[in-house]
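Have a look at these structures, which come just after this line.
Each of the two complexes below includes chain A, the first together with chain B, the second together with chain C.
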Partner chain A sequence: MGEILGIVGRRVVATVATLFGLIIVLFHLLFLLGSPINLMMGEDGGTQEQADAIRERLGLDQPIWQQFLTYMGNLLTGDLGESWRYERPVLDMITERLPATLTLGLLALLLGVLIALPLGLLAAVKPGSWLDNLSRVGAVTANSLPNFWLAIMLIIVFAVQLGWVPATGRGTWQHLVLPVIVLATGVVPMLMRITRAAMLEVLNKDYVRTARSKGLPERTVLRRHALRNAMIPVTTVIALRVGDLVAGTVIVEAVFAYPGVGRVLAEAMAFRDYPVVLATVTLTAASVLLVTLITDIIYTVLDPRVRIS
Partner chain B sequence: MRRQESAGVADLEPVVPIGELEPATGRRRRRSLRGHTTGIIGTVIVVGMALAAIVGPWLLGIDPNAQELSDRLLPPWSQSGDGSTLHILGTDDLGRDVLARVLEGGRASLSVVALGVVVGCSLGMTVGITSGFRGGRLDIVLMRVVDAQLAIPLLISALLVATILGTGFMNTAVALGIASWAVYARLIRAETLKLRGLDFFEATVALGSSDRRLVFRHLIPNLISTVFVVASLEMGGLVVTESSLSYLGLGMQPPDASWGSMIRSAQPLITTAWWLAAIPGTAVMLVVLGFNLMGDWLRDVLDPQSKQRV
Partner chain C sequence: MLPLAACGGSDSGDVSDDGASSDIDRELVVGITEDLTGANPLQRPSSLIFGVLSNVFDSHVGQDPETQEMVPQIFTSWEPNADATEWTIQIRDDVTFHNGEELTADDVKFTLDFILSPEMGGHEINIFWNTVQEIEVVGDYELVLRTATSTPGLIETSELAILPKDYIEEVGWDGFDEAPIGSGPYKWVEWRAGEHLVLEANEDYWGGAPEIKDLRFRVITDEAAMGASYQAGEVHVAQNIPLELYRSLENDPELGVGTSSSARHYILLDTTRPPFDDVRVRQALNHAIDWDTIIEELLAGLVERTPAILGSAERGFNPDLEPYEYDPERARELLGEAGYPDGVDVEYWARKGVFQIEQVAPAILPYLEEAGFRATLSVKERGDVEDLAEERTLAQMVSTNWGINQQLIGMEIYQTRFTCNEETMSNTWGGWYCNPRYDELAAEAIAQWIDDPEAVDAKTREMEAILQEDAGVGFAYMIPRLYGLVKSLDWILTPTQNLNFARARWLS
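Take a look at the complex of A and B:
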């Protein structure tokens, strides 16, 4: 047990260190290299005094290390700074949009898993069958669909032509249908191929042969012996897709004018609203690192082999 | 004596299972053929689109930025008002020919992605070789950096770099390169470590080769095929990323055509002129499909080991 705690502890420290390093680099990249003042002043540039006034108000007249220390100090008390554009706390901007994005992301993940797992399983049980081939072609095609293209095509067909669902906005469950489908399409191909490959590998294992030769019904063999073991790589892939899902929400929220964190991120980038950019990018990286960390920890606890290697 | 020796050598010859010697028949052959078919289809798509982007505008002879307000929003395959030109893919809200713009946009999108791959490759190779070759503390630090970079999704790091550097052709290429270097770095490091352990490499070290010679004569030539495979697999993702950037307004800027910005400006017109968004989008999809098929094929051909890795 102590050994496990040691490993878990090391992973946690490494993750926190990575995140901390990331914040340092991002902060300096944005606040040293970027020059938002010119952009904020507009085309004609304004006077030097005006620029200085803005700098002073935003605290940009201080040396960079001091700005950074102030930022980190505030961060530790849960203060992510204030948006330059809206002059509101960044934390509020994120928390009020987060539920919308989480709904979207989790529903998409759920739908993706519900489609990918059965298809991958069936393809693995009968490799070379028409279903296997069809799902392979489908996966390659779906993998090549840029999500904003798919989003626009779905809007053209289902919102504009057929009028079944609203094209943009948020409020009813109908608003969620198209965005969730688009995001799920990004999850399915990889997940399905991994499920298939993992199942194929497990089905060749001795314990599956043993289970079969005991005379267990095929259903039981598949469900109790094969599927459970095949789930290990599949969970890893789900964890790895979290980052893509976040990136996907940025695009999907833009196309569907859906008010989520992705919109906040894209708008902040377009308007060089650096405190918001810094917070949302860090949040993205943190969620990816956190999911990876959790998966790692679960393995360490559950699978003794991971501890040895 | 001699006889015995040769007999001894014969004993050492590997025993080949008979099954392996039989010609590949049935499913195995069909599978390898099928792999080639899709790979060739992908290559044809990529080469075709690249050629179209290079010579297409010249063949078509229509200025992609020429506006003709009397010919606004013509659907595909319609004649211009004065009957002089056929707009094969219609016109946009300023009466510009959509086909000409898609070709022009393809030229911009494909060249910026190609440049982005070169940037990403060089960065990733430098880091990967340094990390794998030097090892030690530097390796640990560099791999932490790679981890941190990989925690930020491709699109978001590209957006971030584009935010800092600004929009336009060169900045977009650099943004794409910086967003994608980490994948190369990690794989190249692993490959470098593998090569370092091989006999030929140790022999070269023992012979007293300089580091410079080791890297440029012995490492890099052996890494080329890996780089090629990764690059071709990355291309599709970069095309999507580039068009997403310009779709969000942070890539290449109008009035220059690029697939993403065409879709961006077409979106408000989606109810009246579906083709304005659908056509550049289809172009993106085709190119990405082509790159993905080609990448999978190249991976199977150049790096057969990775086949097992799905």
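Take a look at the complex of A and C:
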């Protein structure tokens, strides 16, 4: 048990260190991108006096290391700062949009899993069948369609021509249909192929052969012995997707004018609203790291082999 | 072609009462490309958002949508003393805020005090009003402003939305942001960031209750999404639809289109160093480009060429000026005279965000080449160009835009960009072009701003002519903003795209 705690402790430390490293790099990268002052003065520029006033108000007149220390100090007390453009707490801006993005992301993931798992499994059980070939072609096609292009095509057909669903916005379940489909097409191909590969690998293992040679019915072999083991890599991929939910919807939110966190991030980038960019990216990274950490810990507890490596 | 009416239907009031009332009552949904940054109309909103907020907040003066003339709103009169340092202002006595409280001179003073407070430092509106030193409330509906220096354009430089003093003192600024009230034609119902702003008619509006009772602004930043939402009938007014959609809808029976000018495209020339320090080279550039063909082929003929810097809807426009003629021979000749008989290498930047610039800038290159300008083009992000503008390390020529000023149309662009003094030199964009005669005229125009509007117009026309002769920049065209406007709506889209719906109504 002590051994497990030690490993878990090391993982936690590594995760926190990664996050801090990321913030340090991100903070400095953003400042390399350029100053937000001119964008804040509006289309028509402004005077030096005006620029200096804004610089002072935002604390940008201080040396960068000092700005960084202030930022980190605030971050440790849970203060993500204030948006330069909106003059509102960044945390509020993100939390009020988070439900919208999570709804979209989770539904898309659910739909993706519901399509990808059965297809992947069937393809693995009958490799080379018409279903296997069809799903492979489908996966490659879906993977090569740009998100925004597919989104616009779906809008033109189903919203503008047929009028079955709204084109843009948020409010009813109908608003979710198209964006969820578009996002799901991003999930299905990889998940399906990984399911197929994992299942195929397991089906070639000795214990499956043993189970078959014991005379167990094929259904039992597949369900009890093969499926359970094949699900380990599949679950990892799904878990990573969960961590990715927050930032994965940037383009789709723009095309469907859907007010989620992705839109906050995109707009903040355009206006160089760095506190918002920093917070959004940091939170996304944190959620990915957290999910990875949890998966790691679960592995450590469940699978003795992970402990050794 | 500038001021375009929104409606295709007749304006003769033939609204029949035959059971179409559900249609007349329907909510008006307006798609806008940009979100609010908050409820306070004084805190750095863009001109677009200021127009949206003008439905909730009245300004001190307004603009007539048909004539573009400045008209009294909350202020009914403003009289300066002889040297324009003291202004006596009368305000309306019949205006109430949405909570029923009366709007008085105290509210005007409160608003101005807020603008002049240190926390507003750096905001554009603060710069416009910061010559005001003293605000004296003389009566409920009268006040006197005293300025540090003579400021003839004081009242007309910037729109001043009047805020409710008592309400804000009672609920605080946070409370105001939660539930803002103004005195305008519509009341605030709900704002959801990134999603929409919902308003309802103010039945007690001093200017008469609006006919359209429910008004909603939807934020749709993506151009394609805006076009699709308009086609799908989800928005009735769509700001910024794609050019292809605009053209395909030109003959549609229901979905109308319209344009307004949002800005002008011009080519900034660095007159402080070769080759554009020579007026002949600048003239050569203006002769080199066949703008008429570019406008016809790439911009669907939707834009208006500017002979000098102004468009025909702007104050100070000189109708006698003809644009530079496309004449590559003459351009080569001028370049030769300036000492570049074999042509000259120039660096050319195009700033992203200028309408269709990604198509237009490359199309200019062969024309430049033909006239002897060997230009290397780079397309730059807006923020990058502005950083470099501040550091004064721009390319020799930069395609960029300059917005339409809501109030001081014509004058402001001259004051800040083409006069040559300490203040304009410190503007991140201005100050390259210098002509003493031009500066003289500008100073005279400002001095006569109130007393003699006709003299001001004569001076600005002369300034236009000088700027054109000097070829201070490369002159191009007014940039259109393409709108979708359903034909069942009676509403005027102004060149300055002021999205105020106080007088809009459904036709049937």
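To be clear about the criterion, the second predicted complex is superposed on the first by the 293 of 309 C-alpha atoms of A that agree within 3 Å, B and C clash if a C-alpha of one lies under 4 Å from a C-alpha of the other, contacts with A are read in each partner's own complex, and residues count from 1 in each chain.
In this section, contacts are C-beta pairs under 8 Å (C-beta built on N, C-alpha and C of every residue); 3 or more make two chains touch, one makes a residue touch a chain.
In this text, all values refer to a predicted model and were calculated from it rather than measured experimentally.
Asks: Should the superposition on chain A be reported as showing a clash between chain B and chain C, or a fit?
Replies: When both complexes are placed onto chain A, chain B and chain C end up clashing with one another.
Asks: So, does A:77 touch the first partner chain B, the second partner chain C, both, or neither?
Replies: neither
Asks: When the two structures are overlaid on chain A, which partner does A:272 contact: first (chain B), second (chain C), both, or neither?
Replies: In the superposition, A:272 contacts both chain B and chain C.
Asks: Using the superposition on chain A described above, determine whether A:285 touches chain B (first), chain C (second), both, or neither.
Replies: Touch status of A:285: first partner only.
Asks: Would you check which partner chain A:254 touches, where first means chain B only, second means chain C only, and both and neither mean what they say?
Replies: both
Asks: Looking at A:213, would you say it contacts chain B, chain C, both, or neither? Reply first, second, both or neither.
Replies: Neither partner.
Asks: Check the residue A:160 against both partner chains and state whether it touches chain B (first), chain C (second), both, or neither.
Replies: Both chain B and chain C are touched by A:160.
Asks: If you stack the two complexes on chain A, which partner ends up touching A:170: first (chain B), second (chain C), both, or neither?
Replies: So A:170 only meets chain C here.
Asks: Could you tell me if A:87 is touching chain B, chain C, both of them or neither one (first, second, both, neither)?
Replies: second
Asks: Return first, second, both or neither, reflecting whether A:152 touches chain B, chain C, both chains, or no partner chain.
Replies: both
Asks: For the superposed three-chain model, which listed region of chain C (240-248, 312-320, 420-428 or 474-482) is the one that clashes with chain B?
Replies: 240-248
Asks: Touching chain B in one complex and chain C in the other: list those residues of chain A.
Replies: On chain A, the residues that contact chain B in one structure and chain C in the other are 33-34, 152, 155-156, 160, 167, 254-255, 272.
Asks: Under the stated contact criterion, what part of chain B meets chain A in this complex?
Replies: So the residues of chain B in touch with chain A come to 27, 38, 144-145, 147-148, 151-156, 159-160, 162-164, 236, 239-240, 243-244, 247-250, 263, 267, 270-271, 274, 277-278, 281-282, 284-285, 288-289, 292-293, 296, 310.
Asks: Which of the residues in chain A end up touching chain C in this complex?
Replies: Listed in rising order, the residues of chain A that touch chain C are 33-54, 57, 85-88, 93, 96-97, 152, 155-156, 159-160, 163, 166-170, 254-257, 259-260, 263-264, 267, 272.
Asks: Which stretch or stretches of chain A touch chain B in the complex?
Replies: So the residues of chain A touching chain B come out as 14, 17-19, 21-22, 25-26, 29-30, 33-34, 128, 140-141, 143-149, 152-153, 155-156, 160, 167, 193-194, 197, 243-244, 246-247, 250-251, 254-255, 265-266, 269-270, 272, 277, 281, 284-285, 288-289, 292.
Asks: Show which residues of chain C lie in contact with chain A when the two form their complex.
Replies: 35, 37-38, 43-44, 46, 119, 121-122, 124, 127, 192-196, 218-222, 224-226, 228-229, 231-232, 234, 263, 382-384, 386-387, 389-390, 401-403, 405, 416, 423, 426-430
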